[in-house]
Amino acid sequence: MKTYENTGSKDTRSGFGAGLTELGQTNENVVALCADLIGSLKMDDFKANHPERFFQAGIAEANMIGMAAGLTIGGKIPFTGTFANFSTGRVYDQIRQSVAYSGKNVKICASHAGLTLGEDGATHQILEDIGLMKMLPGMTVINTCDYNQTKAATIAIADYNGPVYLRFGRPKVPNFTPADQKFEIGKALNLTEGGDVTIVATGHLVWEALEAAKTLNEQGISAEVIDIHTIKPLDAKAIINSVAKTKCIVTAEEHNHLGGLGESVARVLAQHSPTPQEFVATNDTFGESGTPAQLMEKYGLNANAIVNACLKVLKRK
Amino acid sequence: MNGFIILIRCLKKLILTLNNLIHNLMATTKQLQELTTQVRRDIIRMVHKVSSGHPGGSLGCAEYLVTLYQDVMDRKDGFDMDGLGEDIFFLSNGHISPVFYSVLARSGYFPVEELSTFRLLNSRLQGHPTTHEGLPGIRMASGSLGQGLSVAIGAAQAKKINGCGHTVFALMGDGELQEGQNWEAIMYAAANNVDNLIAAVDLNGQQIDGSTDTVLSLGSVKAKFEAFGWDVIEVEKGNDIESIKTGLKDAKAKAGNKKPIVILLKTVMGNGIDFMMHTHKWHGKAPNDEQLAEGLRQNPETLGDY
Amino acid sequence: MKTYENTGSKDTRSGFGAGLTELGQTNENVVALCADLIGSLKMDDFKANHPERFFQAGIAEANMIGMAAGLTIGGKIPFTGTFANFSTGRVYDQIRQSVAYSGKNVKICASHAGLTLGEDGATHQILEDIGLMKMLPGMTVINTCDYNQTKAATIAIADYNGPVYLRFGRPKVPNFTPADQKFEIGKALNLTEGGDVTIVATGHLVWEALEAAKTLNEQGISAEVIDIHTIKPLDAKAIINSVAKTKCIVTAEEHNHLGGLGESVARVLAQHSPTPQEFVATNDTFGESGTPAQLMEKYGLNANAIVNACLKVLKRK
Amino acid sequence: MNGFIILIRCLKKLILTLNNLIHNLMATTKQLQELTTQVRRDIIRMVHKVSSGHPGGSLGCAEYLVTLYQDVMDRKDGFDMDGLGEDIFFLSNGHISPVFYSVLARSGYFPVEELSTFRLLNSRLQGHPTTHEGLPGIRMASGSLGQGLSVAIGAAQAKKINGCGHTVFALMGDGELQEGQNWEAIMYAAANNVDNLIAAVDLNGQQIDGSTDTVLSLGSVKAKFEAFGWDVIEVEKGNDIESIKTGLKDAKAKAGNKKPIVILLKTVMGNGIDFMMHTHKWHGKAPNDEQLAEGLRQNPETLGDY
């Protein structure tokens, strides 16, 4: 089984920050907006280097999204930054009309997604943002798994013309994808080959899926781990091909099991090849305060939970 | 058949060129008045045909949009999304699309005949303005209220970064000012010296459920904008072209002085058709056949119906 | 095959209005709020009869939701009314924190849902609201199919303690459920019995499903039509029982195929009994101006589309 | 073991009763000051323990919340969600939960020892206040900014319908005023004579990324509220208990006069711990061990640590 090495844990938001810093130097059309969370979003460098291309929106996310849409008129490529909750649910109608329906080239970049933001608790822990953004026609939805991938994705989305939602997180997590990768929007990555069960994971749960695959391997079960960094457009082919082989699937996401990646996969399979599926996701509940690790454990979002889901789904083949 | 289509195309081109010509010549008030009368006809014919749409606010803003597009805005030929090197306009209260479409068509952005497709299936003239169908003249979708000023501010800032000295115009409804996003935008523009922006509020005192006073009183809109650090210009006669010209001239003179500018345009909802005037009842109701006839009688054809 | 009679087409929003009028008389704790759309929501009667219990919020939906949450503190049962778009996407974060997470007894009543609001076009035609609301923990999501059912649901939700999203529409549609029905939240209604294919429909598409079942019946195919007025909590048992018999399913909703009823059903089945499924829904696209009938036809949301989906899914058994 | 639990329960009950007693006696300024010092200790001990949370705004609002709960609000014994027959309070800027929790505990809503569970897994003392875990004293969740004033208005209206003559209090941050929803609420309250509401703004001039002036200038908050039709009371010394008392007395005197009332409370972020004062840097940062020790040194124990 192919294994991956953690080259040093880092937060994915810092990958975003690094990508944005690079874009500042390489693409003069890139502008950035932030709603009073510069440090949390790691936008300090961009702001310091390009004050004329940086817009502090204050605590007014709706206006920020509208301004970003306006900035595209005149050829700018705006990157907005705030927490995932305030990037999506707070401004859904603004994104819907001024960005998605208007077809504007805005990159909505969202940190502190999911439970792993930790102690701030449920008001900040959005577990619905993937679903919110995937329902918007024309929106690309990306949830990266580590620092390197987040940096690469940040750079890649600037070259893509259209609205993008880029989701990343707060805690330090293993960094294991190549530093020199080219990020291809919409292309699922097969991380391990396996014939018994498919694990489709996104974001922080990709590493957990790899850990789970190791454990399963020790038990003689070979798992195919797919890093589905792009939830929309979904790489249906990669999923269908894998389950053609394995005949069962586990999806893993830091998100409500309602409306997210898991349901997208269930839809695709129901239409093409109905397949037993288990959902590693939160069980339609709000989060709470705690450390990231405690929360992942309590809400069933870690390698252990993935192993159990795999064992369960294997029995249902 | 093919020849006929080509002929129509040529005629459309000709109309476009003529319309551009009209716009390029400094328009006299009489010309603007004539155009306004024609725009009124367009508005009520459009909404009548599909028995839906919003004539009240549209009629109230006819003089303003006519004056803006025909006399004030420095516009390029043709249309591109970026609008660099020209003044650009955003309609936030998208429900008054009829007046917007009529003024755009009669300013040469698309064939006037296309007005007949308003709100029909597969039309570029959607119920609310949209970029989604590629209609020239539209730079953002509106309809869900309260979003246009933010977009206009963003566009104004893009102009600054691009070193484009032109102005961004925006129009909102007065009821629309109840949306909080506007106050976020109003606060932002003042704090950031967005002074290449001239916003206007259609102060007709009406919204859907009644007068703004009965629905949710706005109090003094002037005092509010001033407290938020804007330069306020009041146009008491918002349906009088000379007054609008003066107001817009004032506004342009104030631009570039670190403060955002707003024109408070006191208009009459349903202006120009007596039975539609001064009441919220015509906010979103189409005239029936007789009402249409009467409305047209009160506004005789000036530049030719579509 | 059991058939249903249209006792006279009416708009579902008028069913809401009638229900609210009745509640005004029977439950003094019921209060109503509206955001400048009293006539469209048919709240005129309630306002006229109970001015002291009616709150005109103006065009300020966020504040309206917050006020509704506040009114529950003091024992009121607030019903908010505006278009579906402004009831959900516009105020998602407000509903999330002040209503759902705070567990407040607010009834969010939304008219003009889906394509069938017609000429106003895409900015008003929300096709994501079911998905938006179903992702909120603790939220009940109801989409009624006709006048009588909407009226009954309106009355029923006042007796249920907790946040509810009630979705209805603008056009006149057949009224065919009993005038004296008792509405049971969460209970799917089997409208026809059938052994070949299950059709699970919600809202305006229930009548279309019945029409489709008639057509299929003429072709010798027996369809089981389930009226799934409550999308959350979903009556999974009813669905699982039906497909145990039919082995294939079509879901029908006036909603994007992403995130809505169809995906909820696909998830449930993927977890219990993977089943071929076809989705009658919009295909991840914005709507447009047109008459309701034109739009239902163009976007594949009528009896015809349901018949075709059934024929397709039958081949996949 | 069981007896021990019962003993603890009894002691907790006793503490509750004593705390209620404290609250029922008219508090002297000195008593309030002592409580404030203890609250400060609670705040920094809470955030220090979990290395997260928001001490800056919490410290700045300590005097206000202490005065409100201990001297001004007419509160019933115990807690119910409806809060009929008593004054109630809403915290909109939920991130200053430490001061809220401390004041609630020390006002008898729940055992003071529970403060030690702040932000821990399974605690009722979530990072931001919530009704979700059933903590007495909390009537709505906050944390996502900008929503509290609307909720307070709704509650105030429920009081009116219920014929409850008591008052609703609300507190917001100044940076929070950048959220448009506040201005919707502010406009609504004035238009609808919500005069049983006393809002307060923590005017500390700071938010996360810097001073409010550098982030997004609020201009004159007073002028804005006045333009929106509110009665404005300024408390220049927002960390001085006597000034707060006077401000709140003024406010109560103005209630019932058809206008909503706001207190502009000029506070110092991080007040009472010298190295935390006057800077946004302590908005959301926890002190390390030495900083905690120094903070505690500056605020000696008065009523007993939890």
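The letters A, B, C and D name the chains in turn, as written, and every chain counts its residues from 1.
As a working rule, a contact is a pair of C-beta atoms (placed from the backbone, for glycine too) under 8 Å apart; a residue touches a chain by one contact, two chains touch by 3 or more.
Small disclaimer: the values here were computed from a predicted structure and weren't measured.
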With contacts counted as defined, which of the two, A-B or A-D, has more C-beta pairs across the interface?
A-B
Subunit A and subunit B, separation of their C-alpha mean positions in angstrom:
41
Measure off the straight-line distance from the CA centroid of subunit A to the CA centroid of subunit C, and report it in whole Å.
30
Per the C-alpha centroid definition, the whole-Å distance linking subunit A and subunit D comes out as 36
So what's the Cα centroid distance for subunit B and subunit D, whole Å?
46
Could you pull out the residues of subunit D that touch at least 2 other chains?
130, 132, 141-144, 146, 178-181, 184, 187-188, 191-192, 216
Residue ranges of subunit A touching at least 2 other chains are 57-58, 60, 62-63, 85-86, 90, 93, 96-97, 101, 122-123, 286
Pairwise touch network: line, ring, star, complete, or other:
complete
Residue numbers on subunit A that touch subunit C, as the complex places them:
85-86, 88-90, 92-93, 96-97, 101, 122-123, 127-128, 131-132, 134-137, 232, 256-259, 262-264, 266-267, 269-271, 274-279, 284-286
Which stretch or stretches of subunit D touch subunit A in the complex?
50, 52-53, 94, 119-123, 126-128, 130, 132-133, 141-146, 175-176, 178-180, 207-209, 215-216
Seen from subunit C, its contact residues with subunit B in the complex are 34, 36-40, 56-60, 62-63, 85-86, 90, 118-124, 286, 288-291, 294-295, 298
Note: in the complex, subunit C contacts subunit D through residues 31, 52-53, 55, 57-58, 60, 62-76, 78, 93-94, 96-98, 101-104
Subunit B contacts subunit D in the complex at 178-184, 187-188, 190-192, 216-220, 223-224, 226-229
